Structures are given as C-alpha cells and as structure tokens.
Amino acid sequence: MEIRHLISIEDVSAEWFTSLYSICRDMIDHPGDFSGICNGKLMASLFFEPSTRTNFSFQSAMMRLGGNVFGFSDPSATSRAKGESLADTIRMCAAYADTIVIRSPLEGAAKAASLYSAIPIINAGDGGHMHPTQTLTDLTTICQRRGEIRGFNIGLCGDLKNGRTVHSLAIALSKFPDIRFTLISPRDLAMPEYLLTYLKDHGQNYVEVTNLEAAMPHLDVLYMTRVQRERFADPLEYERLKNVYILTAKKLERAKKELLVMHPLPRCEEIAMDVDADPRAVYFDQARYGMFIRMALLLKMTHMARETPPPTASHKGSQRCKNPACVTGQELYLPILEKTNGENISCAYCDGKLLTI
Amino acid sequence: MEIRHLISIEDVSAEWFTSLYSICRDMIDHPGDFSGICNGKLMASLFFEPSTRTNFSFQSAMMRLGGNVFGFSDPSATSRAKGESLADTIRMCAAYADTIVIRSPLEGAAKAASLYSAIPIINAGDGGHMHPTQTLTDLTTICQRRGEIRGFNIGLCGDLKNGRTVHSLAIALSKFPDIRFTLISPRDLAMPEYLLTYLKDHGQNYVEVTNLEAAMPHLDVLYMTRVQRERFADPLEYERLKNVYILTAKKLERAKKELLVMHPLPRCEEIAMDVDADPRAVYFDQARYGMFIRMALLLKMTHMARETPPPTASHKGSQRCKNPACVTGQELYLPILEKTNGENISCAYCDGKLLTI
Amino acid sequence: MEIRHLISIEDVSAEWFTSLYSICRDMIDHPGDFSGICNGKLMASLFFEPSTRTNFSFQSAMMRLGGNVFGFSDPSATSRAKGESLADTIRMCAAYADTIVIRSPLEGAAKAASLYSAIPIINAGDGGHMHPTQTLTDLTTICQRRGEIRGFNIGLCGDLKNGRTVHSLAIALSKFPDIRFTLISPRDLAMPEYLLTYLKDHGQNYVEVTNLEAAMPHLDVLYMTRVQRERFADPLEYERLKNVYILTAKKLERAKKELLVMHPLPRCEEIAMDVDADPRAVYFDQARYGMFIRMALLLKMTHMARETPPPTASHKGSQRCKNPACVTGQELYLPILEKTNGENISCAYCDGKLLTI
C-alpha cells in the first residue's frame, strides 16, 4: 500500500517499512549515487515548536539528496505565521514546495494539514501524539545492526507511561514476527493498559519488570528513555528510584555481546558517559541512520504528483474532541472527523475521545 | 530597456514584463529544464522586518533554479546587523552573493541599497512605498489564466486609500491597453486623487462605486484587499460597512464564469472560506505563479556582470525629505537625490516631498 | 603537514597556507569549475553567539561549492541546544554533516568539540581566543593584491592590547620572511609583551609608535582596528586620542601608492567614509577574498574520511584552568589537557594558566 502522507505510525506496515529500508540501505552503501536525485525539489520545514535535532535530521536528509529546504524553526514563528489559519499556511507552502514537514505542539496538526495540502505531509511530531519518523529511525537501527527484525527480546526502559517514543515503537514492532517485550519501569510509570492489550491482540509476548539490572542478560535491544522528576507525585520516590533506571558501564557487564543500547536523544543523565565508549552503545549511530531513513522517505514523498485535495466542509457540527491539546480546539473551522476502532469512536486527528455537545 | 535593480513598479514597462513572463511560462511548462540553471549562484535575503510569505516565495524560487540563499529573516536581525551602516551591510553581502533581496520598514531602503551594490538589488517591500514583485505576481496570474492583459474590467476592492498593493497594480495595469477599473471601496477609503489622475493621464477608464455586489456581474478580475478596523475614524462606521466588503460564495453567484478572484494573501475575513472551493478563486494559484515569476526574475538578476557602483558623495546639503519613514532619516550619510516629475520635485528614495532647511 | 581540525592559527604553517591559497586563487580565477565540487556535502554551522558576517561568509563559501548548510545562528539557540552537553551536540551534528563550523563565546570550545567529532571542526571564533579563518582572510588579501608575503612593512593600528585579530595576524605573519611590523597604538593599548617576544623569537623586526600619520609613508599594509571608549580608564584620555587613530582621506595623502588599507569589518568610525573611494581601501574586497579562502578550506575539510575519535576520559583530576571564560568551566566532563611551551604549562583549550587545586 502506498502512503501519501506520513501522519501516524499505525499507517506503516512491515512491508512498507521493509521496502523503504531497502532504499535506505542502498543510500548508506552508495551515498554518491543519490546526491543529485532531488535536484530542484523543495521541502518546507514548518516547526511550530523548536526541535533542533529533528529539524537538523530532516534538513540534512533533504540536502544530501540535492534538494533544498525553506521554513521556520522557532516558536516566535508561530505568532508570525499567525493571522492566518493553519489551512492557509499549508496551502501557501504547498504552492512553493514538494513536501511539507510539520512539527507542532497541537495533537492532530499533521492530520489537519493533510486535508489542505496538494503535496505530501510528513508528521515530525504533533504534541504527545505521534512522531513516526523517530520510530522509522529505531526500526532502521535494528535492521542495520542485526540484519532483520525478528525474534528479538526488546527491553523498553524508563517512563513507559508517558513516553510517546516507546509507545510508537511498541506498536511498530508488534507488526514484526516473534518479538518479546521486556517492559522495565517504576510501577507508577508502567505501560498503559490499552497498549498492553494492543501487544496481546497482535500476538506478542511481554513481561513487566522494575529492575533494569536483572533484566539485562536477556535483552537483544535496550531502549532507554528518561525518567523525569516531575512525573512523580512523591519526590522522595523519585530520589529512591532514579538510579535504578540510569544505565552505566557497570550494569552492562552482564549484557549480551550483541546487545544494542538505543536512545532517541538528547540524553540527559539516564545514560552515564562511561557507556559511550562501549561498542554496544549505538545511540549516536542511530541518529545517523535516522538521517538515511528520512532520505529514503523524502525521495518517495518529493516524487509524488501534485493533487489538489477535495473541498473540506467547514465545521458546523455539534461534536467536539475532548482533548484540550487537539488541533480542533485551535483551528475552529476544521471538520470533526471520526475514527471507529471496534466499538470505540475517537477523534481522527488526535485519537482523543469525542464529545457530543 | 534592461533593468539592473528592481526598485519600483514604475521602472517596469509592458514590454519588459512580457519578456519576463515568457521565461516564466517556460518555467511553469518545463520546470525540469531550469533546475540547475543557477548552480553556484547565491541570493542574499535581507529581511529587516519579517514577511514569511514573501521570504518563502523568493527562497523557493532561487532554490528551484539550483541556486541557494543566505540571509536573515526576523526583526532582531536588525539590531544585530546594526553598528554598521546599511551601505556597509550591502557592500558585505555584495561580496558574497549574486543578487540581494531586501525588505525593510524604511521607505526608499532598496533605492539606497542600490547606490552601494556591485550586484542587482530587488525590492521585496520598502515600508508602505513599493513591493514590485507582488505586482509582477498579479500580472502573471492574469496572463497565465486569461492569455493576455487587454480589455479587462478590473475590480479593485477594499481599502483603496492605504493599500500599497492596489496602488502598484493600478499603475502597472495602466501600461496595458483598454483596461477599465472598477474601484470598490467605502467613500473614506477611496483611491487617492493622484492615482485617479495617473489613470486618466494614461488613457484608462474607471468608475468609483461603494457596492461590491452590484459591481460583480461586470468584472473580469476581482482583486480583494482587507478593510482594517483601525483605518476608520468612527468604529460604528466600520461595523456598518465591513460585511459589504467580505466576499462570500453567495455574492459570487452573479459573477462571470471566467472571473478571477485574486488576493495578495494572507487573507483574513475578507474572503469567506466557502469561496475557496470555487474554481474562480485563484489566490492560492496566484501564490504559486508568484514563485515562478520570481524564478524568471532571479535568473536574469543573477546573471548580470558585477559592477562596482560609482563613488557616492556623502550627504552635506541643506535639503531633507519630509517623510518620517524615509530611509534618509535613518542613514544620515545618504546623498539627497531629487526626482522631477513635471513641476513636482520629490525624494528619489521614497517619493516623499523634499524640504529645504 | 595535514590539518584535520582548524582550531588555532598556530597550527598553520606558511607551507600549508600557501597550498591552500593556490586552490583559492584557482577558485577566484575559475569559479565555474568549482560550483558542483561539494554536491551532496554538508556543513553544520553552530553559532552559539551571533556573528552575521562570519556566518554569511562560511555559508556562501559552502553554497558556492554546491554544498549546503544547516545549523543555528543566534544566541537563543544556545538555551535551545541546552539540556545536552557540547560533546553530544557535536556528536549529533557529526552524524549529519561533513564538517562543523563552530562559533562560541567560550574560549577553547572548538578544541573541546574536536575531541568528540568524527568530522573536521573549524573554529569560527572562540571568545577572545582565536579566529583563524579571519587571519587566513588577511593573508589571502595580501597575497592576492601583492603577489606574495615577503619583505613588507605591516602597520597594525588601534587597540593592539585586546585585539584578537591583530594578535593572530602578527603570529601568522611571523612565519613569512622579512616582515617588519609597525605597531601603532596608544601607550595604554600597546601590543602585549609575550607577543613582542614571539616576534623577536621568530626573527622579525618591529617598532612601536603612537602616531598613525607619521608612520604612514613607510607602510605597505595598514591594518586598522577599533579603539573602544570602554578600554580606557580615563575617558578624557579617550577623547584626546581617538581622532589620532581614525583614518581619513587626508591622512592617506602621504601613503605609498600600493598601500593596502585593511580592516576585519564591521568598521565603525575608525575609517572615515571618504576613504572608501580610494583604490587603496581594500576592506570590502578583503571580505570577498575571505569567502574564497573559506571555499578552499571547506573543499579540503569536507573531503576527509570520517574517523571516530578515540574515547576521552571524563574529567576526574584535581587540576583546573584559571581562565573564567574557558570552556572547561562550563562543560565539566572535559578532561584537563596541558600544553607545554618551554617552561610554561598552559591549558590546551584556551591557552590560559592551569591551577592545581
């Protein structure tokens, strides 16, 4: 199945990823073959909140293909671009570019953008909702270092309750065969129930543990994330626990020789600097693979034909999304769109609950 | 006549535009033929005030030709660049680039820049004075959609008193044959006397009306601009009038089938969203044509030979421009230059009145 | 000797410069031959403090070679990039780019960056410490205008006590044969003792004078820098002296016909505008030569193989640099590195004194 806009990791099948990765691998092996393949092509980079790392990764990916980039990268740009609707900003940029990369604090912003765009939209993070190219980066790192994604014991460690990155990665890995998840977190920051159900429904096994060191010997991948002080109701609890979830060279002693230590970066204290020299620490290589998989994605996205989107009725209904961070709360003309998942009806922008008013 | 610097729409003849447009049309039809034509060429983009849309249009134009862009885009850059004169900033950028695009809140800034530049200057807006590439965009849209500019009834609607865009467009269209203008505005915001005289002197017809709906059936082009609350002495008058000048799908019912609805963007409430789906609404296409005509312009401008400007005497005279927004009030070394138009003598930077002191 | 990172002007030999300059001259004479030579190559431009001029020079240099640039250019970016160490920021950018240009208010920042980078680092100014590409620019200007660097009487004028630019230039010129320095400054702002010793040790002659006009007839090069009010303990002394160090057309009357008047720019009042039209005023050409020598440098730097740096022990010692502006005071994990110069031991980052604590 072809994907016109990359909005959610749920749109991505194992097959689609595998075909994207095969382009990516080619780019890693023969970078010179691709340095002019996007000559004359443009990416609009609309960062309604700053994210230096993601921004640099997309920019460098586009530029390495011979294409170029315009856009804005800081929050003050928001007010600047204001006075006009998101819909009009998107239509303007679609007049100038071949693909639009959008980052926004509003959940569902990328989906909203896709309704008004004649060119492909790529979601570079919409609030706490989705960040699909981070997940593509993670999958690429595993493929590139281990040859495939199959039969691995994947340790997800840290704040599994709030972490957008680990949620998306768990969903994506569920589409590959025979994955076992080791979910390592404080009890208060455990993986949400709906995601555990998702794993079960997709036939994957998981165990929930609280001790990183005990889990270590069994892992093929250890995906570290940060445990933030402000997530704890009780500060003493934070002080008691934080060291358990800090990775050190010492804790790696009992790990497998082929373990991959991954991290979305920037890392703070959750990985000690003495881990950096360990060949199993692949988080900086991971950043580099992220550039290459984005190159493959941008190659696809900038070579699709322009397509004027069908007219969209403005919002006139009596329904509303309850999520205060949803884009529909800011861009009031947006039509309310539903998404049915079994018996649940949710907002097709942010996956929040819908409310009839 | 060749134009070395594009400072004012008054410099542009119908012949020059027509030759520029023919390159532009070629670029629209065969974009691939031009994707490397500015390889190794650079545009300096000096925005002393933010203007996301104009900035993006110029950047994407230059990049689509295979050239590249450096510069600054926000007002804090002004203070940053400060400590040195505009003249020196221009000379520095002329050392690095092949053409300079300048946007400034100071009227006459582009003209001032041209005195010190070894490379072509393009005016991307100098305060309320001129914005010639917007006018080129407007002319291109009419040509591209109607094949030529001749014999049309052009409706200019909104604030015709203060609108830089409609003033420039009226002047430019006056150079084409058999144009009829329908000037649609509140009485308080009517087209200035000197422009009406200009139209008459150039043999063009016009009517002044206050009702958009009544004028609609006769128009070939409807150019919408905003009516801003702060322009009215009496707020009640604004409330009474504003809806008259809002374009809706309903008001379009009696319009010609080939009408072009144009707008410089960003639009606020002056065009209702229900107009967007109408095939006569060409304002988003207009943005795209703006990129293509800027591509044609940049191709010309980046291929002129470098030419050290003749030495400029610093200001030592007893004359001064009375316009407080004129660049000569800030950059005190600028020589005072006069422009004679019939019996009027005006400032050659900003067209303001000169004062002997 | 090949240079992997360009950190300090002291790393630069006359031979290395001469070979770099010969590429530069080729680029000046045949710019078209080089417009695609860096296709697909990327420069990361990390400006932790604003410097429009240096930034534009590097950007335009890279772009003219067909390469491209990403990065940040203003101080707010510092806080943005914060939350992570300089080491990690560098490792991230090294994942995306082929060379890194770094500007920082911290002395030794470029040296620190080089410890963690798989790609070449170029120092674009680290506080008051070094700015080696400015010096390359200055040498290039002399070569390009006078054919070689040999046997000239070089006047350095202005604040010779605090001026990083003149210090570096003096060091660099000391490596060329038969240079005579004329050091023109107020007594309070004379060249530091250690630099005078350096000149003597390298067999160069110098005289110290206080009067620019008297020195004028003997000079082959006059390098102007600013005398800042805030450098004077006594404001009356400043008022008395400042005009002595302002260059005017009048003062140039007795100068040699082939004199080169140089300035690092931006100039303030230290060069009167009436000098600009004199053919001996080469400061704007100097800016242009700066772009070309940076092109030559970037061509070299972007074509070196990636090389993972050896692991660096974190700082655990009991030694510290006494310089409050040294990067080691901010990035606390940095190993303390010593540099021995005769009997002096100094900090290998900032050349400051080391303190055992």
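Letters A, B and C name the chains as they come in the text, with residue numbers starting at 1 for each one.
Throughout what follows, a residue touches a chain if its C-beta (ideal position, glycine included) is under 8 Å from a C-beta of that chain, and two chains touch if they have at least 3 such contacts.
Remember, it's a predicted structure, so these values are computed and weren't measured experimentally.
Q: Answer with same or different: of all residue numbers used at the interface between subunit A and subunit B, are over half used by both copies?
A: different
Q: What rotation angle takes the CA atoms of subunit A onto those of subunit C? Round to the nearest 5 degrees.
A: 120
Q: Distance-wise, how many Å sit between the C-alpha centres of subunit A and subunit B, to the nearest whole number?
A: The mean C-alpha positions of subunit A and subunit B differ by 42 Å.
Q: When you check subunit B against every other chain, which residues touch at least two of them?
A: 68
Q: Subunit A touches which residues of subunit C in the complex?
A: Residue positions touching the partner: 39-40, 42, 44, 68, 70-72, 76-77, 80-81, 83-84, 88, 91-97, 311, 314, 333.
Q: With touch defined as at the start, can you tell me which subunit B residues reach subunit A in the complex?
A: Subunit B reaches subunit A through residues 31-32, 34-36, 50, 52-53, 55-57, 59-60, 63-66, 68-69, 73-74, 265-268, 273-274, 276-277, 284-285, 287-288, 290-291.
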